[in-house]
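Listed below are the structures to be examined.
The two complexes that follow have subunit A in common; it is paired with subunit B in the first and with subunit C in the second.
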Partner chain A sequence: MTIIKPVESPTVTAPLSKNSALRWVRKNLFNSVFNTVLTFVMLYFVYVAGKGMWSWGITDAVWIADTRRECFAISIDGACWAGVYAWFDNIFYGRYPREELWRINLGLVCLVIWMVPLWLPRVKAKISIGMTTVFLYPFLAGYLFSGGAKGVFMQFMVTAAIVCLLVNTLHAIVGVCSGRSLLEFIVTLFGKKNASSKRGRNILVGLFAIIFVVIYIWQMNWTVERIPWTKWGGLFLTLVISGIGIAMALPSGILLALGRRSNLTIVRVFSTTFIELFRSVPVITVLFMATTMFPLFMPQGFVLNKLVQVIIAVCMFNAAYMAETVRGGLQTIPKRQFEAAHTIGLGYWQTMGLIIMPQALKHMIPNIVGNFITLLKDTTLVSIIGLFDVLGMLRSISKDSPWLGLHKEPLVFGAFLFFVICFAMSKYSRHLEVKLSTSHKK
Partner chain B sequence: MKLATLLLTSVVAFAVMAAPVAASTGDTLDIVKKRGYLRCQVGTPSGGFYNLDADGNWYGLDVSVCEAVAAAIFGDKNKMEIQSVSSQARFTALANGESDLLSRTATWTISRDTQLGLDFVTPNFYDGQGFTVLKSSGITSALQLKGANVCVTTGTTSELNLTDYSRQHNLDINIVTFEDWNVRDDTYLKGGCDAVSIDKSSLAANIVSFPNPSEHLLLPETISKEPLGPAVRHGDNQWADLVRWSLFAMINAEELGVTSANVDEMRANSKNVDIRRMLGVEGNIHEGLGVSKDWAYNIIKQVGNYGENYEKYIGSGEGALGIQRKGTLNELWTNGGLMYSPPMR
Partner chain C sequence: MAVSDNSKKSEQIKPKEQFDFFHDERVRSVLYQLLTAAAVALVAWFLISNTSKNLEARGMHTGFSFLNVAAGFDSYFKLIPNEAGVGTYGRIFVIGALNTLYVSLLAIVASTILGFFIGILRLSSNWLVSKVALAYVEIFRNTPLLIQIVFWYISVFSLLPRVRNSIDLSGGLELVLLNNRGLYLPWPVPGDSLWLTGIALIVAIIAVCVFRRWAKASQDKTGQIVPTIIPSCLLLIVLPGAVYLLTGMPLEWDVPKLAGLNFSGGATLPPSFVTLLVALSAYHASYTAEMVRAGILSVNSGQYDAARSLGLKQGRLMSLVIIPQAMPAIVPPLISNWMSTIKNSSLAIAIGYPDLVSLFMQTSLNQAGYAIELVSMTMAFYMFVSLIISGLLNIYNKRIQLVER
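And then the complex of A and B:
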């Protein structure tokens, strides 16, 4: 009888040939004569293409110059990035007055501050934060960007937006520090344990009212110079158009998709007509119709804001596409889900809101984000109808006297810019998919 | 039944859309004055005529016409908004009242003048189509282009002119069309075509933008007439008069030797009756135009005369295209050109 002693065998690192890069290369690239030849041929092509790009874009490129002629004088074959750099303000902000650029930056910072709590794990009430982003932020941003005198409604909404931003931020800070909501935190601050007590609620309401009034009075004297939309441009304009398009496409797409599946004839016919009409017409035609044809039927001298026309056209077009994506998602939901919802006594909107949509939307994330990316890229079509979005600006560089004929570099830069934005969006969608795929883990 | 209703609705909708647009008569000036600024249409940027600079401001010869009209009406050249409209939509945008004035290197032709509901006021630049070739090709005349590949951009009259010219001289030219002139020029530089053909002003500008300008040659032939000038809606003569005379004031000022630098002194001291009349010191030429007495003074003071603007944007000024004015049709009539203003009296 032998006694077996449990002796831990020493850990041995895997042989070098098992996990080294060399082994991977040999296994995947040189495992047969044919593959070896193929690898070398491909490497040669990559080298030829890469070398040209590298020397044109980096080694032979000119980074500092005042005119294209100077670029040529320094290096005749290289890229002239100096021209792109000189136009940075135009590319990012359009013709926005240079001393007012802080307003665009501030608007962007506000958006980031507003949205950051959505990503923080310990913060509660994310849905309300998301809703306020969609419904209140546009008023604050809209005023920051366009300026001018505020009407009573605008004053109210701007105040509401500022208060909301403050509350959101405090809520996020409290949430991150203590894991509680702002409501609970304030109530405990006043020595009340129970949030639902009447006194606590009164304190809260009073507090908010005071903050609201203070900010309202402050913002009455806060005005910024009016900047007409015709001065908007560059990446800023692209993001405004596509941002509104994205924010509007999903809700209206959901409504249209539900309308198309509705039992009410008028709703169904309207939704179907709308979707089919906009899906069958190229986006550029919709834009042309909206901007040049539409004013023909209006009284003389009546000019609707072209930007608004474009935004409406973009929204309608994308709502139609989104509706079909959503309908596709809805069709993946088995009928028993509807029946089960009916059985427990849920009405139509509750069934949709609580049972169907949460499941359907999860399936649709890749498609929805795909739509958003397409929308962002389609937005560049507005440069054809005379709005100077980022593409319009990039193409204008080649006509500016100091940079006459400079057109490759701006387009390469534009491609890079769009890649960064779109790739970030697609990565984020992947992240969301993983995060939300609770029931379909592999 | 349902389908029938749908069809009927769409037919009605299209009938409404196709209804003719009533031509406007005689109220553009009032509309502009009431609005407080001028809406002046240019195209997508074009070297020398309307460009954006790195700070987002518009400049160029055609932009200066917009400025002149704004200065005449409001006494402030900045009271205008430049609208950049694609060439497909340019005439519609004027017809539907979006723009008050079109100032964008549009060629004055009879069909445009009579069929598109617009009136060209007077040319502010006389251009003509020509050819650029490589010096090394040995070609020195357009008549040697037999069977050549010639690159042009689409959507302009240059394609039609070239076809006519080729037919007329039995040249059998192979026309290669491009949407974007940058791509056209790149193709030419890489040897994809033997010549490029477009208005000579553009050709001159393009040659300047090539890596080695001295390798290229502008052929002497001019195969077309391209009078470029501002246009307004047909039927509003009051407005057309104002635009026309704003431009004439710039030309006249050059002829009389009045510049933005000396206009103040001229207004105070000049004994020349023509100058005194133009600057509003005596007479009342402004009355028929519906603007203030010093309208021409404002144009010259703020925008400058025609020659100044030519040099600044097209000619030899810093950052200009470097197109010689001497010996071209754009010289004053006193120097053998076509720039001629009727008398201002």
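And then the complex of A and C:
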């Protein structure tokens, strides 16, 4: 027998849907008494800090003024961004002659054009593109930045770099459009199906030789004014120093790390000594050593300029740091990989280059990027030994007579600049890590 | 049959027995090592011969005898007494080393505590709290320490009020005062019988250790949990406190007093010291926070489930299950973070705190020359400290390995 209750069951409100904002707030901010209190305390804290920063940096700030006095006249409590704005060129380019700034910009644009194919899909031979960036781009950029008369070697290298840049770009365009490499494309253009045939290769070699000669003749008449390194400065100098440091650190770090793990006792001892020596002392002492002791190390009459001294020092300590990162990556490779490589008869360099390094580098990416970020941040130390890098420039704003005593705003701006660069780099490395990870664990 | 065919073939292949000089592994290994050694020796010879020629040409002296020469300057902040024109360069080295160690040890303690705190906030289930902690970490990690130090120095510690309008950090008691000359603290002056209190404290600590060991043994035997925290706290406070009171409170505080234009008495920490301490702690705390977070997250989530299913409460779950497993992941990077704190304290040079680099590598080098000796002594100091710290790390790793089986 069934009993049917004549009473209506009470209505229950529908549970909040998974995506509702209210549910999210309740779950993440007010899920217990303690958390509720914490949320309100934090809200108050964020409100006070945010309001202070907002009114100082935005609403009360002065954006257009000619002197610091004028800033004060307009608003006494706010930031005086006008001073930073007036020094913008100095912060980015240092004392580089204003009419020659296009050279720095062109150099950067070349670098971007050179590197972009590395990120494009369907482009082949990315390793060679990366290698040419490291080995040829510096000559082009070095000539663009410093200028002056070219020796025969420099003429050759600049030509090679320009040819390489052209080929790279064409290769990238062809790659994106058709998914083939430039070589295949040209060979098929001439109606030859087989890329490895002798005829096709001859055509290619001839073509490159013609381009090379044409560019060589063109660049002989192309000279730019010489600009001494003392005029370099600002973010440009910071990027040059850390860029060279990064480019040198990876190969030398890999060599040092391999040396440290080597079976050859003498190689191991030297590598370990070098790494431990440079890792255990502060960066600033290495820089001091470079400026005080390198002149003594050099043969008489041979003078290294300060920039070169600093760059050598930066390369040395960064190679040591990178070596430890690489060693950490190598340690993640299980022994069976080495054994498998030996079993199929690979020698030491083949094992390392074909089996171990490709796997290890993938593990290392976050740490390598972390290293780059550290290097970029550490490059500010060169301002202590008297180079006008970005921090040196920021600090000299307060000594410029219209902006006398303007300390805080330039430093905040500099911190912001570094934050943007470093944060973007670390986010990108996180992305790469996820993209490259082939393991199935989540 | 195919199998027998294969075995016949493999019999036919004989390994090459002949000795190939250039392709023998042992020969190669010796050859490579000799080549490396020769290259390094060549570079070393090149550098040393150049240096000796340069030194001769410039008429520079070498040797460590200058350490006994009186230095013509003095450091404004020092832990051992010194006088300009009397104290030697050797003494300057000791002062610099002590200053470096002093500020970095305090910064290590502060950054570790702050870092643990922020790391735990970062793991909070409260979205807002965890995001605020994340913002802290990202801001401090992604900006150069040098900019941070200069910023603290210029826009915080040089905007402090003058002596007359000092900020009272102790809330009206005028004990801890902050102004643009530095931080003024009361300093303890021990009386005659203070050593008795010290002994009482040591006795209390030993007693607590014994008590805890007994409590653990009794828990292992009977399964009953003996409360240890409150009795040990009581023991630690009551025993030394009682001795202190019985011996007639033999400790006086030297309180800073306004005398004329400045404070006298108490301990003074110059603004550069306070700046460096704050900046180093804030910067390295952000790294510590990430280490703590990563360490705790590295513990398998199954461990939480297992501990909860055993009926452990949140506090015991953390202290008995999670933290012990997270520590092996936290401690090694933490110790190398300590090392970088010590190394980064050398940035003191930017704000004029007299640490080893600024006193010895800059001022002494400008005054006395002897570049090679000064630079190598400074570097040797840092290497020595790093050696000690990596020794600590090795001891820790050994212990962990033993426990891990």
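Convention: the second predicted complex is superposed on the first by the 413 of 442 C-alpha atoms of A that agree within 3 Å, B and C clash if a C-alpha of one lies under 4 Å from a C-alpha of the other, contacts with A are read in each partner's own complex, and residues count from 1 in each chain.
Definition applied: contacts are C-beta pairs under 8 Å (C-beta built on N, C-alpha and C of every residue); 3 or more make two chains touch, one makes a residue touch a chain.
Quick caveat: nothing in here was measured; it's all calculated off a predicted structure.
After superposition on subunit A, the partners subunit B and subunit C are seen to clash. In the superposed model, A:I373 makes contact with subunit C only, not with subunit B. When the two structures are aligned on the shared chain, A:V412 is found in touch with subunit C, with no touch to subunit B. By the touch criterion defined above, A:L381 reaches subunit C but does not reach subunit B.
By the document's definition of touching, of the two partners only subunit B reaches A:P228; subunit C does not. In the superposed model, A:M293 makes contact with both subunit B and subunit C. Of the two partner chains, subunit B is the only one touched by A:W87; subunit C is not. Contact with neither subunit B nor subunit C is seen for A:T11 once the two complexes are overlaid on the shared chain. In the overlay built on the shared chain, the residue A:M42 is in contact with subunit C alone; subunit B does not reach it. Of the two partner chains placed by the overlay, only subunit B lies in contact with A:P402; subunit C stays clear of it.
Among the candidate segments 78-86, 186-194 or 330-338, the part of subunit B whose C-alpha atoms clash with subunit C in the superposed model is 186-194. Common to the subunit B and subunit C contact sets on subunit A are residues 288, 292-293, 295-298, 300, 384, 395, 407-408. On subunit B, the positions that touch subunit A within their shared complex are 2, 6, 16-17, 19, 21-22, 24, 27, 31, 44-48, 51-57, 81, 83-86, 88-89, 92-93, 95-98, 180, 182, 185-186, 205-206, 208-212, 319-321. Contact residues of subunit A toward subunit C in the complex are 28-29, 31, 35, 38-39, 42-43, 45-46, 263-267, 270, 276-277, 279-285, 288-289, 292-293, 295-300, 373, 377-378, 380-381, 383-384, 391, 394-395, 407-408, 411-412, 414-415, 418-419, 422-423, 426. Residues 68, 72, 76, 86-87, 89-90, 94-96, 98, 228, 230-231, 233, 269, 273, 288, 291-293, 295-298, 300-303, 306, 384-386, 388, 392-393, 395-396, 398-402, 404-408 of subunit A touch subunit B in their complex. Those residues of subunit C lying in contact with subunit A across their complex are 29, 32-34, 36-37, 40, 47, 50-51, 53-55, 57, 124-129, 132, 138-139, 141-148, 150-151, 154-155, 339, 343-344, 346-347, 349-350, 357, 361-362, 365, 371-372, 375, 378-379, 382-383, 385-387.
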